[in-house]
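Input: structures, listed below.
Two complexes come next, and they have one chain in common, chain A, joined by chain B in the first and chain C in the second.
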Partner chain A sequence: MPEAPDILLDTPACAPGNMPQDLLLEAPGGTPDLRHSRAQRLADRWAHLVFLACGLLVVALIGGILYFLAARGVGAFLPLAGNTDKVLTLREVFLSADWDPNAGRFGILPFIAGSLSVTGLALLIAAPTGILTGVFIAKLAPAWMKTLMRQVMDLLVGIPSVVYGIFGLMVVLPWVSGKWLSDSPAAGFAVSAAILSVMIVPTIVSLATDAFESLPLSLDEGSQALGSTRWQAIWHVLIPAARPRLLTATVLGLGRAIGEAMAIQMVIGNNPQWIALMRQSTDQTPMLRFLFTPAATLTTELVQELPNTAAGSTWNNVLFAMGLLLYLMTMLIILATRRLGQRRNA
Partner chain B sequence: MAAALPFRPRRLSRLTNRIMHLALWGLALIFVLVLALFIGSILKQGWSVLNFGFLSRMPETLDAGGGIKPEIFNSLYLVALSLAIALPIGLGAGIYMAEYAGQGRALRFLRLCIETLAATPSIVLALFGMIVFVQMMGWSFSIRSGAVTLALLNIPVITRVTEMSLMAVPRELKEASYGLGATKLQTILKVALPHAATGILTGLVLTAGRAFGESAILVFTAGTNTSQTFPDFRLTVPGETLSVHLWYVTSDGTLPDAREIAAGTAAVMIVVLLALNLSVRVLDRFIRRKTR
Partner chain C sequence: MTSRTLIRTALAALLLAPAAFAQTVTVMGSTALGPLVKKAAEDYMKSHPGVQIAVSGGGSMTGLNQVVSGGCTIGISDVFATPEQEKSGIRNYNVVIEPFALIAHPGVGVASLNSQQAEDVFTGKVNNWKEVGGKDQKIVRVNRPTSSGTRAVQQMTVLHGKEFSNNQLVQDSSGAVANTVATTQGAVSFIELDFLNRSNGRFAGIAYNGASCTKADVSSGKYPLFSFGHAYTHPGKTDPKTLKVAEDFLAYMLSAQFQDTTVLKAGYMPVAYVKSLKAKL
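Then we have the complex of A and B:
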């Protein structure tokens, strides 16, 4: 590619003193023509448009996903063109816990409650441990331990969710039921949340580590000069100072947790009627019943039932409405992290 | 009267400090332990199944003794295809954000969209792919539906990596290029991108790992069975990957040896991912040495 800049780079004539003269000599009219050739200018402009188009494609994707999910999901509530089946009210879908598609009852409250429960439990484990591990990596660990922890977190985040699922199915479930439940099945929120927390902890740890590492060193030095111990500095100064970013980290962890499907589907037991089952059984304390009742979430129900339903049926439309709900939650979560980020900058 | 003030933390504070120090070390070591236990037990469960026959046989649908040969092929094929689709788009969007978008409202909106796409649950992408490619385009459950939908998962990651790698190119380099009379396009293609290439490559390997492990998207777009011929490069046949196979045999439950097959498949996946991780590390070290 013999273009001007490359040649100039290689020739010794481009020493600062010589260059203007050379250029001047080449231009007969006295003023040198320093403009790029027409082809180059055209290429430049077109490239700009192509790159812009790639960016716009991403924007279009966001809108496209919303449009197509909504077109199907809203079909459950409105007599749209694609809807061949009966129409439901918002109330009997979002405010009812009665899920019996064959009888025409489509209350998705159990799945919303399931998603929130398993996500909440997972965050309850992952947020404190993730933040504390972040402090450890950023402030206490020696260099070799830092590298080791980074690698551990990289590996944990890279493990596919089905492998987490199979680990839960083959190792954790049998172990928990044998050890604590006298061999009754252990599928349910507890094991799902435990596995989910390991899956989201790397996200929280890496963001928390960044948060603590970006704090000004003067905070550390100041509190030590006032005579605090290392832990007092962390607890009373560093964690409060990093709080907005720690919150962002937790919210992003929440986002990852609420969308996770396969790993949970393999260990949660997939029982849409879990609320009723939990009410009926009386053989354990309420807390244990809650933790070890086979349950279902928005994502697991989608994985479980979507392949069995016909496109256009009410059942199918309600499942798409659940997908739409998940997508809207994601958007909400991203906007929330935005808001948190802005407060940090202010 | 004491001659000097006691500039020492109280006993209790010192004790808490000591305890929390130990607790944090313990916490970190627990994570190391969890990972070791995890990888160890997956490999241990799968070890007895892993042999050449398992890797080179076709899968069975009802009998024991099936292999995972086409699944390995499909996994690699789908990852390659989806990267091939996502790379130009991701690169383009990343270049736009780093070099053209400036610092205004447009960039912020674009970044918001990239973040949203990156955070979108893969099951939602799967629904989108199912509506648009499987049903509307009439591609049904096929490699092409899977590859295009999987590309949606890769695009935001590649975009972000490209943007960050380009941002890290020293300003002086670009200015020197402009100073020599290069156009913006020439500067990007011949100065900025080569300088950022290794960083982008690292990101690509990580993206490949993510796509390799993805299952939710492919269950609903690439299907849960494979072509009977091998290797089948056609884009219109269903293409079950390793991760989908692993999920399907355990949840379907028609195979008598589903457990062994799942364990073996999981072990294969872990080995592949460890290899990918190692290659990222080597790449990373290479970059560091080059930039120092």
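Then we have the complex of A and C:
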């Protein structure tokens, strides 16, 4: 072994293993003093505190919102301070479809069913479209188109939801009304879900594209080497391989869809009695009635009624309980995505 | 809602801090009445230096909640206070008449409804325009949300207290109602007179009981489709000096000078028109 040059031995900064201590604490004479100055260390500590405070603020905000919603929402069921009205049982609220606040009946089942229906329908449209677009961008599109598509998707995410709503109200609704299978008005789940799916497709597309791009190239090449066509490779190999991440993409889309209020409330018709109305009506087949009956969701009902109800009244409290329910549902969805992500990594 | 109010109050306080020595009256509530009250406040402050009148929105119910709790000097509202709110000792001033009109999608083939027909259309007894002399076209009712004060007034005057049909679309603002009626075949609804005047034929007015929304028909009681714009004060929770300024301001709003000019121009009507109608007011 040739002798190491002097400089390596003499300069502790270059000796591996004990570098940090030497550098910071007892740099021997001759080497530059690399210790941070007092001012710098002070600044470091302050920065640390600022970052910590910001982090804590976010946590406190989330906790605070939960507390605020819960404090008011629970008032619907418990005689808390600030209540000016009667309290209800959980059963009366969560297991009843009878919503008639002026008569003291507060069944929120129509809103829960409405939220789930419109979100489900939107996913039914957006998930396949988004995933297939993802395949296209990641595997089939020429380079220039790839860039273009990505930019278009980013653009779609940036459009405010109220703009989608105005488009739905002024263009889509009049266009669909009275045509094909729908009556006039066409307000209801069909148009809302269509608008909503346009809003969540970009989320699903960008996550799906990442999923396909992160697959090892050998999968694609291997299956083609074995004689599969492009379609067979995509359908039998790529999509199954990316499935966990595609699921995550879909669930994130779901999370965005369930909280959307502005766009939907402009086109859905906001009818809290939609279940009763659907049952009474004999106009069309049940499926078409379901798609084109003016309906309501948790979010639309909150937007419509919250500003007009007096604080402390049962009505107001039930609306807060609905907000709390939405919060918890969203939390659940986020937890589910994390679970899915962990399984993917394992 | 509370946090919004808090932020607003904080902002208002910041803005008003330099004027701490002036008499400050805060007005809060109905977004529909807001512009009119703001105009009144500007005029009043011009002739009364040293008085500050700050007008902010929030909605009728916010205005009522705030005046009851002492959060503002004057709460403006399109609806009467609830019985519980009345009990707190607030005082009501009817400041303007807010007339509204029946409207429909152009092309339903009906130009007027009598009060029974109008009631039937909205309660759901009648479901096709041909039953009230129009085209063979399904009736699409467009209403305000259940909690809306405007809707309560409509239920009282047009439906004579009966329930609205549950076969309806709901929109929560005059603008959204106007758009929906304009773009939906067979739609029918109510809207503030001002909106109808500016509709450019996108939707059509329907005469009620053969009467139209004119001074003569409103003051004779032939045209009952109106509500009052209210201003509430709370003598028990207001500093007497501020209360006096607030009362003087409201007196200005009720003066002929203001009512016969600005009020009319804004699409409202002077309260004097219905002075003779003692019933139900």
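Keep in mind that, in the parts below, the second predicted complex is superposed on the first by the 307 of 346 C-alpha atoms of A that agree within 3 Å, B and C clash if a C-alpha of one lies under 4 Å from a C-alpha of the other, contacts with A are read in each partner's own complex, and residues count from 1 in each chain.
Throughout what follows, a contact is a pair of C-beta atoms (placed from the backbone, for glycine too) under 8 Å apart; a residue touches a chain by one contact, two chains touch by 3 or more.
Since we're looking at a predicted model, the values are computed, not measured.
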| item | value |
| --- | --- |
| Joint occupancy of chain A by chain B and chain C, clash or fit | clash |
| Greater residue coverage of chain A in the superposed arrangement, chain B or chain C | B |
| A:Met266 touches, of chain B and chain C: first, second, both or neither? | both |
| First (chain B), second (chain C), both or neither touched by A:Leu332 | neither |
| Chain B versus chain C as contact partner of A:Ala310, first or second or both or neither | second |
| Chain B versus chain C as contact partner of A:Asn102, first or second or both or neither | second |
| First, second, both or neither for A:Pro185, with chain B first and chain C second | second |
| First (chain B), second (chain C), both or neither touched by A:Leu169 | both |
| Contacts of A:Ile258 with chain B and chain C, given as first, second, both or neither | first |
| Partner chain(s) touched by A:Gly323 [first = chain B, second = chain C, both, neither] | first |
| Common ground on chain A, meaning residues reached by chain C in one complex and by chain B in the other | 68, 169-170, 265-266, 303, 306-307, 311 |
| Chain B - residues contacting chain A, complex | 7-9, 13-14, 16-17, 20-21, 23-25, 27-28, 31-32, 34-35, 38-39, 41-42, 45, 88-93, 95-97, 99-101, 109-110, 112-117, 119-125, 127-128, 130-132, 135, 152, 155-156, 159, 177, 180-186, 188, 190, 206, 209-210, 212-216, 219-220, 243-244, 246-247, 250-251, 259, 262-263, 266, 269-270, 273-274, 276-277, 280-281 |
| Residues of chain A that touch chain B when the two form their complex | 3-6, 8-9, 34, 36, 40-41, 43-44, 47-48, 50-55, 57-59, 61-62, 64-65, 68-69, 71-72, 129, 132-133, 135-137, 140-141, 145, 148-149, 151-156, 158-163, 165-167, 169-171, 198, 201, 227-232, 234-235, 252, 255-256, 258-262, 265-266, 299, 302-303, 306-307, 311, 320, 323, 326-327, 330-331, 333-334, 337-338 |
| Touching residues on chain A, where the partner in the complex is chain C | 68, 84, 101-102, 169-170, 173-174, 177-178, 183-185, 187, 265-266, 269-273, 276-277, 281, 294, 296, 303-311, 315 |
| Contact footprint of chain A on chain C as seen in their complex | 1-3, 59-62, 64-65, 82, 84-85, 138, 140, 145-149, 166-172, 176, 179-180, 183-187 |
